[in-house]
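Shared between the two complexes below is subunit A, which pairs with subunit B and subunit C, respectively.
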Partner chain A sequence: MAADASGPWRGLRNAAILLLIWEIVGRLDLVAGGALPGISEILIRLWVDWGDYPRHIGATLYASSMGFLIGNALGIGAGVLFALSPTALRLFRGVNIAVFALPPIAIAPILVLTLSGMAPRIALAALGVYFVTMTATVIGLSQADSRATDVIRAYGGTRWDILRRVQFRGALPSILAGLRVAAPNAVLGAILAEFGGGGRWGLGAYLLGSLGRGEPDRLWGIGLVATLIAGLSYGLFALLAARTVGSTRAVTLNTAVPDAAPRAGHPLGRIALTFGTIALPFLVWWAFIEATGVPDLISKTPWGVVEYLFLDPTAESAQTRLLAALVETLPITFLGMAAGLGFAFLLAISSRLFPRAIEAFMPVALVTQTMPLVALTPLLVLILGRGPSLTLWVTISVTFFPAFVTLAQGLALVPRSAEDLPRAYGASRWTEMRMVTIPASLPYLFAATRLTVPRALLGVMIAEWLATGKGLGNLLNQSRGFLDYGMIWTVAAVSVLLSVLFYQAVVIVERRVLRRLGMATAE
Partner chain B sequence: MTPDGISLSGVGKTFSGRGKVVEALRDITLSCPKGSFTAIIGPSGCGKSTVMRVALGLETPDTGVVRIAGKTPMGAAKAGETGVAFQDAALLPWRNVRRNVEVPLEVLGRPIAQARDHIQHMIELVGLKGFENALPGELSGGMRQRVAIARALVTHPQFLFMDEPFGALDQILRRQMNLELQRIWTETGSTALLVTHGIDEAVFLADRVVVMHANPGRIVDVIEVGFDRPRAPGLFSDPAFHRVCDHIAEVLHGG
Partner chain C sequence: MSLRLNRRHFLGTAAATAAAASIPLRARASTPFTMQAAWINDAEFAGYFIGIDEGYYAAEGLDLTYLSGGPDVIPESTIIAGRADLALTTPDTTIKAIVEQGAPFKIIGAQYQKNPIGIVSLASNPINEPRDLIGKTLAVPPVNVISVNAMLALNGIDPGQVNIVPYAYDPTPLIRGEIDASLDFTTNVPYTISQQGVEATSFLLYDFGFTIYNDTVVVTEETLTSKRAELVAWLRASRKGWEANFKDPNGWPPKWADTWFAGTGRSIENEIFFNNAQQPLMESPAGYMGMTEEGIEANLRALAEVGIKGTRDMFDTTLLEEI
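Up next, the complex of A and B:
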């Protein structure tokens, strides 16, 4: 009986229905005059083109797995350091936020300028991995059961004993969950770098080469293969986590009060730390350029960018072009983000009212999360054309899914008893929603906003680069063509700076609001 | 002062958190002679667990001195002279019963292989024979607590610290464990410090009952309990036993 179909079977059934609809719509050329081919047409084309694929897939896999390894080694190492030393964590906060917020597409041309061969691809893949794994490691290590660490300490165990016997093992699920999210990120990073860096092999290069030929079935094929690789890497680590983790959670609830955060001692020390936090990203930038040894003409230090933008004879023209690009890019970024977040919020809230309908939708949401954005955009171009509506849709789609997943997972944590209370007094579903579910979801809404800021900018810039020929993304692409190195570095710096600033703004509002409500921030 | 027992003198400790400053302990002076059994009793939040954590070296006191057989608490811990059982069993969820009992030996760097028989003996002592390979999640609350007791005893400690070790157990199991504990303590001849909020448990087990009050956490009375050992379960219904219990209840509530 269909009504009894549970879990995986219902998922399979829904997937089959979706594929069937896709096939019918595609075969009848209902979307934008054949921009969406039927599944079977795509698969046939994939079969015909198959000879091209192995080398492209090989290149992408090589870059993403190398980046995955390096990024994770750095992420776990840094995570351990930060878990041991809160001072180090605060000192590197600026660098960490910058790494999290930087739109990979803005960095790709820079990496291509300064590194050679596979290195830019590996570096971009590693950058996409580092933050996720680092955060997961820090959270996992610092959430160690205080009672278990007490036992070790009571027998005179050292910091290392605690780390080794309690914290590492306890952090394993968190780290594995981090790797699961990081794996598709590495694939996305590698493809992005292939896109921006020339080179013959790699799915990104293949996609770029096929863009101009107006063959939707081939583009869809490449997109599907890219999604499959990203999705499989996600699935691999999900499986690994399920197999190895076993029993990690404490059986009983820890009621011990968490240690109060130690106040930094001297005010001067605090100021020095804040200064260091802000200065360190620029220091890293400068050190990177020194280390690569690329001539000044091509690589710009922070000071080089200031010179280019304010002091050089061409400064005025540069400023005008940058401002014009920003005016085009920023409004649509905010609009898309607001729409994506709002839509996700509504859907997450109503998922409490119609759990069945949302359950069917969730797997689709998860699959699209692993879909590499660059592979998605050309497909959307085919359907939506090259106008602003494309940019808007790309932005909504990149912000909507992560926001929805964060919100839905957060709402699932609201204790049943909290929802039962209003109901016990005869409240309607809507009253219950208003009193419990919506306030409870606030921390997750903020977390989702933080999460989506950089993604929104990335989405807009990719759309601009590939399709609309407007704004920052286009400026970056043009500057590559004109060998305008100053502008390439400037756009990269400005987009990272904007991302960081906006991220910080969200954090400040979040802290204010949540403190007033007596709520904790959600990770 | 008792150089070979547990001694705290003039210990004070304040906590500050969430904008409030709490004086958890004020001028705690207490000495437990070698081989004695001392129970600390008091209302929730009177700082009795903090006394134990200070004595174990898990918290550093703001004022005062703590000595265990003349050593600092951490010194005694590193020498492997102390054993500890917390209110919660605090077992590592990914280790089975035997591997959980081995934890203190591992931390102290003692060889596990030679201690194999002893570990098995401890597991049998707490009545968990046949459960050596079970994970904590597969055990009942009482069984987990017994693993914690076995873990506390595995190092042959001369000093045994217990923070409400039977707090989560039901009354029947608790009585049973009290009898077991008395037997084990008599066998090992260790100096024991027990934190509890069960008056009958304190009186049944201890030579001396230390009564604490809250705000600030302080000792208000020390009551000697002179019943002969070994104490039989029948003692629980003895009128003399109840007189001592009633007296302690009065000190607890009135002061």
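Up next, the complex of A and C:
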């Protein structure tokens, strides 16, 4: 977001105005009969409760840091492997998409069933980190300056020399950017697992104990602390990136033609690879259960889920319940995808047309990303009721942010010269937007869609779990009460599978459209 | 450890051995033993905290590890996975799992003789009996929908006549009138609501035909065979803990402000209210943690009404008899 000299101050001023409005609205109990407390009420409560916080923060930091380390070690390791071997990248594609798309609320109960102690928290934090870092590593390594690698090759350097001397250095900014996004993910994953997992310490555990009090100022306080931790971890890596990027950036432009993508080999080999890509996620699932050694009454292998759904005496009842839930969940999920994407798109366009207003909105947008939704539920049901509008808003709040960031990036990258043309002819900002900026950022629109679509299911399931009592989200929770382990695993598997399908559908449309327009995909 | 005996020690050891005849585990080295509770630390588990703090379990030769629960923790899963020897849970889920999935569970004791869950509403918009729920909105934690449907069916009400929505642990929607009633522990939520300056009213599902226990003590059949002595010891120490608790229900919670109740997010006053409110629900002619024949019969009858066909042999009262 570019700004002139007075920009930062105006941004601050707008944010201050927003906070003031929040304070007045909260103090006067104007929203939902006082369910939204004023900023000062939240801060005073935070001060009063402060004695409770250190151990909870400590536990959350421990779990999220462990998850961050493990997730990043795996992410960078896998990224290096994938950058070296396109076959490995192809083979692991299914696993990678599954990790990216899996809805955490469906996975948390599974982790609590199969792991103990801090392990579910660390695992959920690591899962939130892996994909982001892995992708950033692959992109960073594959975008190394080919002139530098040519130099090493010319002097007889090995593949490892290239990796060590050029690619890693070149990839550093990209990896650091990945870590920046990954850090808040780790915090959120840890808090979600703390909420359900039954430990005594951690912000998630504190939130659970506090919910029963019916005191929104406490809940907002916890949300604010979570936001602060997530924000600081983002800031830490942003700072690190700013310090190191300068030394690795190329000074002149590389005009060499990039290497062509390796052609796939024998058709049989390709089929085997595709089969492996699809089979691998199920193998990982099966290996996970073998490794945890949890009895098969409570942990279901892929085959266990097939048995439960198709072969057991209760299969028919299971199918009926699953289908009924899907019929409730899927239509609103498609609406949610459209709403989340539409909201992100509007926001991205507004950020070009009214940059100041959007700058002021950004802190609020960040809070919606780190504030645990369970703490906001009373406020949301009081304002929106328990119908489709609540589900849509929860879905928008879960989906819009990554899509917005991607779109804003795409809009900002449109060449100035292309925008100057309509401007020279006296076109309005909006005409310029319509005729140049939006079409030019189409690859980013698709990238944003890929980010949004799997998360829409997560948003809908959260709303179902907390407020509407319908669909997959509700089925998952009721199954816990019935000790219906088969259904718990089935819902988790089906939700991951659906998210992967949504993702894959976007990828196929994206390839077709962009190929026809002669554009490249954006990561 | 040196085992050389002098005369005084010998007499002491002899006395201990004599005592050990009646209390089998007392003289043994302590055995690791793990229990899985049903929820986060609150007054619901006061008896066990006393048992740990006052050394009742240690005196029985148990080195007790206490695991607190949470929304994603299914207590029965913890014992199946072998991470705990015993779990506190509800008889409806246990018996349903035995009947439908052949789960190897036995119920060996019961903390609440009357299930504390009930319908909580505001005195200004009171729901005094199941009939009053018709046409109203009731928030129920998804895991408890089974219990509510049972209570409605027992009172001749079609569950379709009540608008059931999820209860997300926060009473704010009830206080603000967005819902008419919620299902929760009647020992707990009325206090929270009164703190917001509103008066609450409630009734127990138990008093309207859903006559089941809560926080039933469940073990696997394997544990029942292999750790029988430890289970009896645990029951004995737990009963002692609860007896001590109800001698001074106001005195114990403040003692745990910096230990068991530290950082739970709940207030000590809330725990004191809870501790007093739960006493009448736990008293039994068979003693704390006990199970009477009438009580078991009432559980089976209520569950049979909703299609969960349990049998007497899913309850094992012989360990309680050994206390």
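The criterion applied here is as follows: the second predicted complex is superposed on the first by the 463 of 523 C-alpha atoms of A that agree within 3 Å, B and C clash if a C-alpha of one lies under 4 Å from a C-alpha of the other, contacts with A are read in each partner's own complex, and residues count from 1 in each chain.
Going forward, a residue touches a chain if its C-beta (ideal position, glycine included) is under 8 Å from a C-beta of that chain, and two chains touch if they have at least 3 such contacts.
All values derive from a computational prediction rather than experimental measurement.
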{"item": "Fit-or-clash call for subunit B and subunit C when the two complexes are aligned on subunit A", "value": "fit"}
{"item": "First, second, both or neither for A:294, with subunit B first and subunit C second", "value": "second"}
{"item": "Touched subunit A residues, subunit B compared with subunit C", "value": "C"}
{"item": "Partner chain(s) touched by A:409 [first = subunit B, second = subunit C, both, neither]", "value": "neither"}
{"item": "First (subunit B), second (subunit C), both or neither touched by A:152", "value": "first"}
{"item": "Touching partner for A:166 - first (subunit B), second (subunit C), both, neither", "value": "first"}
{"item": "Touched partner set for A:317, first subunit B, second subunit C, both or neither", "value": "neither"}
{"item": "First, second, both or neither for A:213, with subunit B first and subunit C second", "value": "second"}
{"item": "Three-chain overlay, vertex subunit A: subunit B-subunit C angle, C-alpha, nearest 10 degrees", "value": "150"}
{"item": "Minimum distance between Cα atoms of subunit B and subunit C in the superposition (Å)", "value": "49"}
{"item": "Parts of subunit A lying in touch with subunit B, wherever the complex brings them together", "value": "145, 147-148, 150-157, 161, 165-166, 169, 246-252, 254, 257, 260"}
{"item": "Subunit C residues touching subunit A - in the complex, by the definition given at the top", "value": "40-41, 67-74, 76-77, 80-83, 93, 96-97, 100-101, 103, 141-146, 164-166, 168-173, 175-176, 178, 188-189, 192-193, 195-196, 262-267, 270"}
{"item": "Touch list for subunit B against partner subunit A, complex", "value": "16-18, 56-58, 74, 77-80, 82, 84, 86, 88-94, 103-104, 106-108, 135-137, 141, 144, 151, 155, 161, 168"}
{"item": "Contact set on subunit A toward subunit C in their complex", "value": "32-33, 35, 52, 55-56, 108-109, 112-114, 116, 195-201, 205-214, 216, 218-219, 294-295, 297-298, 314, 374, 377-378, 381-382, 385-386, 464-469, 474, 477-478, 480-483, 485"}
